[in-house]
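Should a chain be cited, it is by its letter among A, B, C, D, E and F, assigned in written order, with residues numbered from 1 in that chain.
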Amino acid sequence: MASTPTFALPPTFLGTPQRTAQPGPCVVGIPFDGGTTNRSGARSGPAAIRQASRMLVDGDHPYWRLDPSQAVADAGDFEIALGDIPETLRLIELQAKNFEHLVALGGDNGISLPLLRALRTRHTQPLALIHFDAHVDTWPDNFGQRYAHGSPFFHAINEGLVDPQRTIQIGIRSPVATDVMDWTLGKGVTIVTAEEVHESGPAAIARRIQAAIGSAPVYLSFDIDALDPAFAPGTGTPEVGGLASWQAQSILRRCAGLRFAGMDLVEVAPAYDVAEITALAGATFVWEYLALNLRTV
Amino acid sequence: MASTPTFALPPTFLGTPQRTAQPGPCVVGIPFDGGTTNRSGARSGPAAIRQASRMLVDGDHPYWRLDPSQAVADAGDFEIALGDIPETLRLIELQAKNFEHLVALGGDNGISLPLLRALRTRHTQPLALIHFDAHVDTWPDNFGQRYAHGSPFFHAINEGLVDPQRTIQIGIRSPVATDVMDWTLGKGVTIVTAEEVHESGPAAIARRIQAAIGSAPVYLSFDIDALDPAFAPGTGTPEVGGLASWQAQSILRRCAGLRFAGMDLVEVAPAYDVAEITALAGATFVWEYLALNLRTV
Amino acid sequence: MASTPTFALPPTFLGTPQRTAQPGPCVVGIPFDGGTTNRSGARSGPAAIRQASRMLVDGDHPYWRLDPSQAVADAGDFEIALGDIPETLRLIELQAKNFEHLVALGGDNGISLPLLRALRTRHTQPLALIHFDAHVDTWPDNFGQRYAHGSPFFHAINEGLVDPQRTIQIGIRSPVATDVMDWTLGKGVTIVTAEEVHESGPAAIARRIQAAIGSAPVYLSFDIDALDPAFAPGTGTPEVGGLASWQAQSILRRCAGLRFAGMDLVEVAPAYDVAEITALAGATFVWEYLALNLRTV
Amino acid sequence: MASTPTFALPPTFLGTPQRTAQPGPCVVGIPFDGGTTNRSGARSGPAAIRQASRMLVDGDHPYWRLDPSQAVADAGDFEIALGDIPETLRLIELQAKNFEHLVALGGDNGISLPLLRALRTRHTQPLALIHFDAHVDTWPDNFGQRYAHGSPFFHAINEGLVDPQRTIQIGIRSPVATDVMDWTLGKGVTIVTAEEVHESGPAAIARRIQAAIGSAPVYLSFDIDALDPAFAPGTGTPEVGGLASWQAQSILRRCAGLRFAGMDLVEVAPAYDVAEITALAGATFVWEYLALNLRTV
Amino acid sequence: MASTPTFALPPTFLGTPQRTAQPGPCVVGIPFDGGTTNRSGARSGPAAIRQASRMLVDGDHPYWRLDPSQAVADAGDFEIALGDIPETLRLIELQAKNFEHLVALGGDNGISLPLLRALRTRHTQPLALIHFDAHVDTWPDNFGQRYAHGSPFFHAINEGLVDPQRTIQIGIRSPVATDVMDWTLGKGVTIVTAEEVHESGPAAIARRIQAAIGSAPVYLSFDIDALDPAFAPGTGTPEVGGLASWQAQSILRRCAGLRFAGMDLVEVAPAYDVAEITALAGATFVWEYLALNLRTV
Amino acid sequence: MASTPTFALPPTFLGTPQRTAQPGPCVVGIPFDGGTTNRSGARSGPAAIRQASRMLVDGDHPYWRLDPSQAVADAGDFEIALGDIPETLRLIELQAKNFEHLVALGGDNGISLPLLRALRTRHTQPLALIHFDAHVDTWPDNFGQRYAHGSPFFHAINEGLVDPQRTIQIGIRSPVATDVMDWTLGKGVTIVTAEEVHESGPAAIARRIQAAIGSAPVYLSFDIDALDPAFAPGTGTPEVGGLASWQAQSILRRCAGLRFAGMDLVEVAPAYDVAEITALAGATFVWEYLALNLRTV
């Protein structure tokens, strides 16, 4: 009997047969795009990322020489409240509390807030945060909407979920109100622009991350629009001048040793993707994260 | 000096230079897709329909021999509340009250409810309704959400905005809970399936419309998914087996003589469109509607 | 807790949670396109059809007033032998024998042969056959390859798997060697061209099917290229002039009362699809088939 | 040694190895889109139509039972003058005079004029004309340009190249200035709208063609936008409500017996096509035309 | 009342409400692609760039901390002569003379010539020129056409519009006749290949620009195909090996202090774009240019 | 008479009129994708690469200042055995023996094996090998299939066709079984990961190639998935983090002086491409190779 080619795998993340929780990282989908401010469609992200992840099943991670698919479960999708941001945030938080270590596939970046609220209850102190994004996402408001995808970290800082002194943002380059930028910097957040990544290279950026985070439990929020639109066309608020995939991978690999407590990969909007390259990039960063964690164990 | 080719027209509906209201039909965009239940993206409909409408500028309507672009204004887009259905409905109703005869470019079909609420205040009785759609849109609930795009006519009937005895739905074919279908029929709504359109032809359907509506003021809600996905791929909840564009056009032309009070063209989701054919179909149905009204004047 | 929107369903056919066999129709995917003669890509059909089928979950079939999703299991994908036609045919036959009533999602039309070989062992006589296709698929050879997707019914007739006198082909219109056409007609096969469908209508075609099949156990092989490329661009050997989706649906509904023994839906090639309309058409025809069978039960 | 699958054929029309002229119909490409008034791109039509034509090579025409590929040569592309309409028209006419019976792959519909000028020199009287199109193409002007793609038949009538009394246009439906329409009708041209095709059917339309043309030598100009955008998205000036592919095929087959003198297939713009369905439709109509001619021989 | 999300902005550049000229930079569209030598479609560039520019409205430029949208008007599109290069060049020049500081959205690169002719009349000496492109655009001829998009700078140098000694071209990498290259170098033009950009980095390139231009009034012509096709697929004459978006941005930012007199952004062909990434890159470079100018003021 | 624009060239590689062999490099297409393990479609690669190559015709290579199109013939496509890997390998080998210096357009990477078998007969020793790829392609097995596209160099090493000590692989980054990686390294193959290319740059990589190959006759196998999916979306087994086009070009140019004996460019799958950028990248690398060889002559 033949073994299974990638295109015949079950459509779970990395084709894992398990669909219930387990100790260690567990993948869930959160198909909510109610807070997107430009192009919508991130609700279809989880299905697309899972489908693209089949490329990563057949073999070990070539750098770490271990197989991330061996240590992951896929618990399916969270319930959301259609068209209702506050209720959706409540539902996400409620469901997230059942998991020790979540790896969430978005959905828009607004889902990070309830995930952090749930995670915070497992920790005695605010979490450190690594945030890949083109946008600072610390707007106090999104065209009148308080809890949309431009604001999760404004609230997360204000609610004491993350420690701004141990927060680092990478890939920043969008237009932004100067007072939003100043508020963020004033809180102590480290902002690394995309241009800085291009000019100083992944190794230098990783050193800044290690310095900012130290040994604190750290959450990783990866908005796919940190990448340049050439590498990630399938997203709602693209900004040119972004990271190449290899830069993000190279930075992540140099985050080995950090104490990761959870992750989300957000803003993949498949309707704007081509040949699933954005979804594959998203799946790959999750796979890199799982490898980091497996290695640490 | 050369005249202006279609691709250099101002990006208003039919390239009209006016952007303020006037007596007679006035086009507005309502870029809201917060109530979509499957694929999102109808928020980008107004811009796409306007862009596609340039094809219809250069000449008279070949059947009615008059030029619909001469009698239309484009008042731009309504304000909406990002990610907040109830507040958006309130805002739409408020703004709609300023217009005598609106032609709204959606956005999802949920916008019909506040438009009907506003329009109802100008009339002493519930309006008659012609509704092109693959779905009855009389669900009392949308996966837990009361005011999403599957429910506008459930509420419109219950709130006395439209008269179900003078309501006719054309193109219906989606899966539907049997009790929803029975409630709708029980209220007196005439349901014409897509299969009936294919088998009896536009002339027979138009006679059923004329019989159902009579001389009552009538609202036209045209969900582009009434068309088959071959003719309208760019939409969120496609269902195969739908109408051809020519059938819808032919039915509309035979609606001459009805007393139209307003229209919406909804559910164009450009991210799923190809070569703007869905947006062009939407623009064409609005152009047919404007011709009907111009002719009546 | 909210219920589940379509875009958050498990990626099985019709979102069914069961993934093991049961009495009655059971869906399997057969991701094999090794025998395609023009554009390849049908190997990705099963995943796309399952994904598209989510549109059909929420409610009853509007004509039969029953819910096909209640009576179906999805047993996942069959093992295939990569790049090896003979071994793949052997594997498919072997696995198919475990199922009483298979509904196979292809893959190319070559998979029909081993499915019929397996099914034939459950019956004392050759099966009747309804075959929707642009091509007769009775070529003795495919550019030198004996068992590719142009030949399944040449072999099925020669091996006594189907009874050519009770075989009817619908939608035929491709170029074809005149001797192939004559061999097929000479065996007693009824060939209904696409042009005949357009000119005489679904009801007349359905009467010809009922007459040809009678009360014999019948297999349905539906090649999506029976549809016109406008309705099914996502396929490998498109031919213009084909059926509209509604025609196929209307014919299928009029097949009620036939004794169906199995089905395949083949040749969906998602790389050439737009907005998943081809995959949705395929999913819909399977759903129509399931409704027919549920009704008969 | 294996025979040649369709995807490995030489990229000539129908894979014909001959690339020089011969008695009987000869295919040439005319990659000029300088006169397009909306979306450009028809310059890439000849390459796309040839590539799509490979689908039609393997076998006989199923209706006429003969193989059109056996009687065609492909002489490559005509030289054109980049960005210069008058000079391009001159070059086309010059080159066309070398051929007895041309089948031209456009390019925009403006190429019909020099082709008719060249062909007229071989005939003692103006030619009859069958013109499939959404537009009458008898505008005296195109946004200031006299010889663009909206005017070929205005000039052809005025120059005595075609006989308006023996001219029939099929599929007409675009907006048009009423005086242009009246000029055309006043000259004696028979205009068959798309709506008439839908409502009376191909057989009735073909009878009108036969009546209009009689035994005169006749030129066929087929603008692919005669088809509905669902069937032909890949074109520059799409208009909804158009013909289905099968209708055009069915009409063409009923033109058997006419004395064809030449043909063009124009306005295929591959940049707007999906899965080459527009190019395939174009190739198929040429193949139908070749079959008609072969049969007549 | 809610504020306006990006997708509901007026479709002017950066959503500016002004549509008439003003002191300082003024955006116009020039939808002409009559001189393209490979794929056409740049006529649709202005509409696409404006639509994509909405991403850049909400906030200040993150580097310069000022808002370019506050100092721009959008005067709509220039009239062009359909299909007539010489007359179009005349019309562009005529209209351009009404503006003090134009920022033109093309259209093909041939429009630079009449823009420079008009601008030259405001200056006592030939202008300096910064030209981002894959091609030198100093061909004396384009397949027989003297004024197409491969020749603007051949003429601009010969006509004394630009000073070749103060001309620098960046991103050059296409095949080119050796005598064309030698003519260009012989005139004193500085040619920086794409490979040099990759290997020496933006800071070094910017120093070469500053050295070449000095304090002369300088025109910026940015052909989007200076970028690699990965970053700008939506163009007519792509060449691999090109610039990343960030490199162009980084170079532009280092051009602060130069005395800019006008700009064009050309060769965006939306029919070949994906998810509007090319149009967004184009809009972003214009936004960078506006920021440079605003800063200087 | 005008000269020929790129879009009107014959659809041979670089528009060469010759279609028969000659001394020196000769291009052939090998449209076989029977051994692809993820997405299929590489069978359509040769036609797409030829079509895209028209961009490279008009002028000299800007670095080497010579015209590669002057020294190439295009002998059309090899015969293959549809759906039969062993027979196809046999046919390829047989046909390849007729050529002195082949440049093969794939097709999947499995075609390298028979090409090397044929080439080996012209040499007294195993060949050196430069292999650009995301994957090592030394798997002993592909989901049960021995001769699919993951195994050509496993066999080539075992059969003594290439010398592993003089084999260098560039761009490697996919998941891989650790024993496969160790076997490859154990044989003496030099593996350069994509990350190493990014971090040390093309010049350093080229020095490693020159060191590994020396003066031995060397074969170049270029799998387009060596590039990042942003640069080459149109392929079957994409992996993020890959090379930029310019890096591959820069490395190739620094391979001047090597003694090339043949080349293949494989795994271009046009169904997943956008705006032909992948095909153009493939065509460009072949053009670079031809320039290297022409220069050496």
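Rule of thumb we're sticking to: contacts are C-beta pairs under 8 Å (C-beta built on N, C-alpha and C of every residue); 3 or more make two chains touch, one makes a residue touch a chain.
Remember, predicted model here, so these are calculated numbers, not experimental data.
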Minimal step count in the chain contact network, chain B to chain D: 1
Numbering shared by both copies at the chain C-chain B contact, with half separating same from different: different
Which listed pair, C-F, B-E or B-C, duplicates the contacts of B-D in over half of its pairs: B-C
Chain whose mean Cα position lies farthest from chain E: C
Centre distance in Å when chain C and chain D are each reduced to the mean of their C-alpha atoms: 36
Centre distance in Å when chain B and chain F are each reduced to the mean of their C-alpha atoms: 54
Chain A and chain C, separation of their C-alpha mean positions in angstrom: 41
Chain D: positions in contact with at least two other chains: 2-5, 7, 37, 39, 43-44, 81-82, 143-144, 228, 230, 244, 272, 274
Chain-level touch network, classified as line, ring, star, complete or other: other
Those chain pairs that satisfy the touch definition: A-B, A-C, A-E, A-F, B-C, B-D, B-E, C-D, C-F, D-E, D-F, E-F
Footprint of chain C on chain A - complex, ascending: 1-5, 7-8, 10-11, 29, 31, 43-44, 46-47, 50-51, 76-82, 87, 91
Complex interface listing, chain B residues touching chain A: 33-35, 37, 39-41, 43-44, 81-85, 142-145, 147-148, 269, 271-272
Interfacial residue positions of chain C with respect to chain D in the complex: 37-39, 143-144, 172-178, 180-181, 193-195, 198-199, 228-230, 233-234, 237-242, 244, 272-274
Complex contacts: residues of chain F adjacent to chain E: 2-7, 54-63, 65, 67, 201, 228, 230-231, 244-247, 249-250, 274-275, 277, 280-281, 284
